[in-house]
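Below is one structure, written out as structure tokens, with a few remarks after it.
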Amino acid sequence: SSDKNSDTSKSDSDISTIKNGVLKIGMEHSYPPLEYLDEDGTTLIGFDVELGKAIADKLGLEAEFINNAFDTIGEALNRDEFDVAISAISITDARKESHIMSKAYIENKISLVTAKDKGINSPDDLKGKKVAVQRGTTADIYMTELAEKNSEYKDSDIARYDSVMNCFEEIKNGRADAVMVDIVVANYYIGEDKDSFTISWQSEEPEPFGFQLKKGNEALLEKLEKVVDELYADGTVETIAKKYFGEDAEIAAER
Amino acid sequence: MSEFWQAISVNFDKIVNWIPVLLKSTGTTLLLTLCSVSAGLVVSVFLALGKMSKLKILSKLCSAYIFFFRGTPLLMQLFVVYYGLPYMGITIDSKFFAAFLAYAMNSSAYLAEIIRAAIQSIDKGQLEAAKSLGMSYPMAMRLIIIPQSIRRLIPPIGNEFIMIVKDTALVSSIALVELSGKTKDIMIASSSPLVFVPALAIYLLITGVFTFILNRLEKRFSVYE
Amino acid sequence: MENTKAPMIQTVNVCKNFGSLEVLKNVSLTVEQGEVVCIIGPSGSGKSTYLRSLNHLEKITSGKIYIEGTLLDDREHGVNKVKLPKEEKNQLLLKMGMVFQRFHLFPHKTVLDNVTIAPINVKKIPKSQAEQIARDLIKRVGLSEKVDVYPSKLSGGQQQRVAIARALAMQPEIMLFDEPTSALDPELVGEVLAVMKQLAKDGMTMFVVTHEMSFAREVADKVVFMYEGEVAEIGTPTEIFDNPKHEKLKQFLNKID
Amino acid sequence: MSEFWQAISVNFDKIVNWIPVLLKSTGTTLLLTLCSVSAGLVVSVFLALGKMSKLKILSKLCSAYIFFFRGTPLLMQLFVVYYGLPYMGITIDSKFFAAFLAYAMNSSAYLAEIIRAAIQSIDKGQLEAAKSLGMSYPMAMRLIIIPQSIRRLIPPIGNEFIMIVKDTALVSSIALVELSGKTKDIMIASSSPLVFVPALAIYLLITGVFTFILNRLEKRFSVYE
Amino acid sequence: MENTKAPMIQTVNVCKNFGSLEVLKNVSLTVEQGEVVCIIGPSGSGKSTYLRSLNHLEKITSGKIYIEGTLLDDREHGVNKVKLPKEEKNQLLLKMGMVFQRFHLFPHKTVLDNVTIAPINVKKIPKSQAEQIARDLIKRVGLSEKVDVYPSKLSGGQQQRVAIARALAMQPEIMLFDEPTSALDPELVGEVLAVMKQLAKDGMTMFVVTHEMSFAREVADKVVFMYEGEVAEIGTPTEIFDNPKHEKLKQFLNKID
């Protein structure tokens, strides 16, 4: 452990934002299976969480997770509330413009979850149907643009919730016809309910997740990229992915 | 501050374009408020009389209802009605109706206390005079006490109305679109908080106009004072 | 003839406690029909409580109350042993009209409505007839030109006169007055007393708590001095005012001067 | 209903385990409330005196502040502080502090009106008596009017406190974890709304205890009445 | 000697409007040092307004007010043309003590504190000295045993006596009384009037609005009858009560009887 200590002091000098050997990771902790609380209501778990811990470990740092509303993660980064955001953040052009986005750390697409008997097989079938999305996610943006471009979709049919969990509640109790959501999340929620619900569509465009950092923090980015490559190489990523996404999930990002 | 004004003038067209969108969602805000305060008012009369009743069980029940709805956050009440009830086999399909239900129950509790206070603020001598003229308690209530309370009810009921107008902001959490939810959507879409400016203005307009009407009504009802 | 009639009001050993405070102690009094009885006494001696007990604005703790010979209350430990049918009890209570110190007119009703509201709703008298009676009474108290005015537009003296008309509209057989003039400006006292004197002259039975000694002297058949919840002295006005016996009565009259 | 009780008894252990977690987050709820009502109280005294001032500009300014914060939803005020201020170059680092700021400003407006009403409810004769004894307006305020208003202030300030306790539910929208936010988290984690039961009970407990203390205090302060 | 002194209070053509309502119309009056002046008149005639104008509880619309020969107000259209330094103005106002109809004791202060609060805070008299003075005054109004009691525990008459002591504690040269006994139960009136009579006997200059004709007759040097905002008649008690000239005064005295 003396080894670890020397590592820590080194990284302190390397990256200005990191203090006292703690890597601060921002996330909104209500997004299973990537970051969420265990049933006891206190233990933070999920893919991003374990990945974050593994990364910190490799860097010889302690991981600290900071809860932040998803739609203000960018702002919080800019004011140094945490060093990096690992929160199922899709790599978009807008984000690349305002922040540093890392290479993809896992693959993802947006998808449509429906009850089996709904007969919805693509966004084309959504006309006049109620779609639930989480406010501010890429799914929200996708649906909003669809409604803007195509008058057959009504904006009023898009129901925007604060939490993705609410979206799934809605298709379970029948108040919504479909949920548009990241596929990794969709898989998790369908889980046991494979008989009633199905992923009826997924986007062609991949929408991988990346780490988001404040502009100018390239030093940390470089370290993170390197560590993720190592974690891919030693199988850690795969182990965590299997734990949270199931045995047959294909999430490996092209790196 | 100057940055702020600059931002406004640069984005003036954008802001103007948002206004009709915001106003449309204001319709929901007002409709929800109107429906729930009206329904709450009807229920509250029974709650108030029930709480003042000499029948212990009735009085206790009404007190408990009032205590519960005044003692817990409206947001949670909304959640229980919308997300909780389905687990008990009751699924309310319409978001509007679910919100209406939660808000009506909530405001009925507040209004019941308002009505009770107004009735109790009427000089005891009025009831005694009515009694000494042979009126029964219900008759005295109907002819003497309640008509006199009405004027005193206007200000607090108006306040409750304004409260609910503002509290409708919470229904965005069940994805019912009204003024606040729409504002948030626009903020996210435009990645700028400028939309708050017209949104806050609309809220101020509603509360301002309503306060004005209230004052008028109050004067109207006080002819005999 | 008169003497064979039952007394208008008779109370026997009426006691009233507020918690541990004994406000009335064995008050036994009789008001004959057509009699004017005045109650005097210092503040807190129980005058109001006694008057209010008669028409059930207060519940007595023990004692008996007769109205025209009918037993209305026979209480012990606050429990009434007389079980009159509700209808009959109300009929007895309606024999008494009450006028309060602070008038208690209904502020949201005009003078006319104040006077007609009880006859129309309690006695179910047709509106037109009730209004006819009311107008006569309002004229009698000298306020014909104020019929359609709200109470807030009236002086205290005028309000009290309306309150008297309102009570009379129920055609009571006895009128109870609880310090009817003590909330009035001195120059307004006279007009109310004048109405009361006329009422007495017309033969109304009256039970009046008052601080107006000249009124009591002039109008009363009998004056009652209450002191600390007890009837300390009873007599004709001459006996009470010119030849008081009870020490406290002497002191009281001295203070009032 | 029976389903509901069954669900509770089956999950009784779970519910019991949630309680300490919920109580921990209740700390934030109470701390936020306490801080913002206290700060709001300080500000509100100046606002109230300002609004009553004969200085037109001061009075207008205070009125406008009060009108704004009473006329718009607290949720939006929270959003403006949390999301909007950074765009104006003012960045608040701590979520708690942002919430505190919004809540303190909001409650200061409500408290100002409460204080004004209490002061104005003091019999005008008190001020006249003080003046006739040679006291200046500030001295009369300090020695005569304000001490007397305090008793009348307790009930409405207590109410404001209870209001804010419940309104802290809104800060879950900026991911500041307090009782409501934690309840939501647990609901997500357990995919069941059962957690509402202990959460609502905690809210009722807080409001209940607080109402009780209030009544006590009120009696304490009315020794001279 | 006495005559060469400036009058304690002198007003010249004092007018007061509330909006379009003319409440005082050219009221010119003088109160000499050591004099007791009583103002009588019907309700609404402006008696209170006049008294309150003297110590600036109301602002007059026009006219002049002199205190011990010093011009305090010289108003036209509500504007005071006299610009006294604030300190000097306060000194003049402190020469007047005021007693109100409804006492207005400070309910959150004990009797002693009510009497000491102004001397300590306004006159900056040391607490112990102020308390000594206060205890003497409280004794003078006969309430030594009530020193540490809150006003709510006192009867109306006792409260009014404390109010008198409170005003006296500022050592005023003239006492203004606005119907000091009309909020009192009749048997409590005497104790307050007794204190006032003693005060008069001790040489205090007094200006008293009152409905107590016997007090005015016994104590006043001069009685003023106000009617509709004007001084309708001035005279000695004998002139006013036994030989009234003004028609309205005759009517007024008749009503009061």
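A, B, C, D and E are the chain letters, set down in written order, and residue numbers restart from 1 in every chain.
Note that in this section a contact is a pair of C-beta atoms (placed from the backbone, for glycine too) under 8 Å apart; a residue touches a chain by one contact, two chains touch by 3 or more.
Note that the structure is a prediction, hence the values are computed from the model and not measured.
Chemist: Keeping to the contact definition above, tell me which chains border both chain A and chain E.
Modeler: Looking at chain E and chain A together, the chains touching each of them are D.
Chemist: Comparing the two chain pairs, does D-E have more C-beta contacts than A-B, or is it the other way round?
Modeler: Looking at contacts between chains, D-E has the larger number.
Chemist: Report the inter-centroid distance (CA atoms only) between chain A and chain D in whole Å.
Modeler: So the centre of chain A lies 36 Å away from the centre of chain D.
Chemist: Between chain B and chain C, what is the gap in Å from one C-alpha centre to the other?
Modeler: The computed centroid separation for chain B versus chain C comes out at 47 Å.
Chemist: Which whole number of Å gives the spacing of the CA centres of chain A and chain C?
Modeler: So the centroids are 83 Å from each other.
Chemist: Could you tell me the distance, in whole angstrom, between the mean C-alpha positions of chain B and chain D?
Modeler: A distance of 19 Å separates the two centres.
Chemist: Going through chain D residue by residue, note those that touch at least 2 other chains and give them in order.
Modeler: As it turns out, chain D has residues touching two or more other chains at 83, 173, 184, 187.
Chemist: Among the residues of chain C, pick out those that touch two or more other chains and give their numbers.
Modeler: In chain C, nothing touches at least two other chains.
Chemist: What residues in chain A touch two or more of the other chains?
Modeler: Residue numbers touching two or more other chains: 71, 162.
Chemist: Name the touching chain pairs, please: which are they?
Modeler: Pairs satisfying the touch definition: A-B, A-D, B-C, B-D, C-E, D-E.
Chemist: Flag every residue of chain E that touches chain D in the complex, lowest number first.
Modeler: On the chain E side, the touching residues are 55-57, 90, 93-94, 96-98, 100, 102, 104-108, 117-118, 121-123, 150-152, 163, 166-167, 170.
Chemist: Under the definition above, what is the set of chain B residues touching chain D in their complex?
Modeler: Against chain D, chain B makes touches at 1, 3-4, 7, 67-68, 70-76, 79-80, 83-84, 87-89, 162, 166-170, 173, 180, 183-184, 187, 192-193, 196, 199-200, 203-204, 207-208.
Chemist: In the complex of these two chains, what residues of chain E are touching chain C?
Modeler: Residues of chain E touching chain C: 42-43, 155, 182, 185-190, 211, 214, 252, 255-257.
Chemist: Hey, which residues of chain A end up touching chain B in the complex?
Modeler: Those in contact with chain B are residues 71, 94, 132, 135-136, 140-141, 144, 156, 159-162, 166, 169, 172-175.
Chemist: Which residues of chain D touch chain E in their complex?
Modeler: Counting only chain D, the residues touching chain E are 123, 125-126, 128-135, 139, 143-144, 147-148, 223-225.
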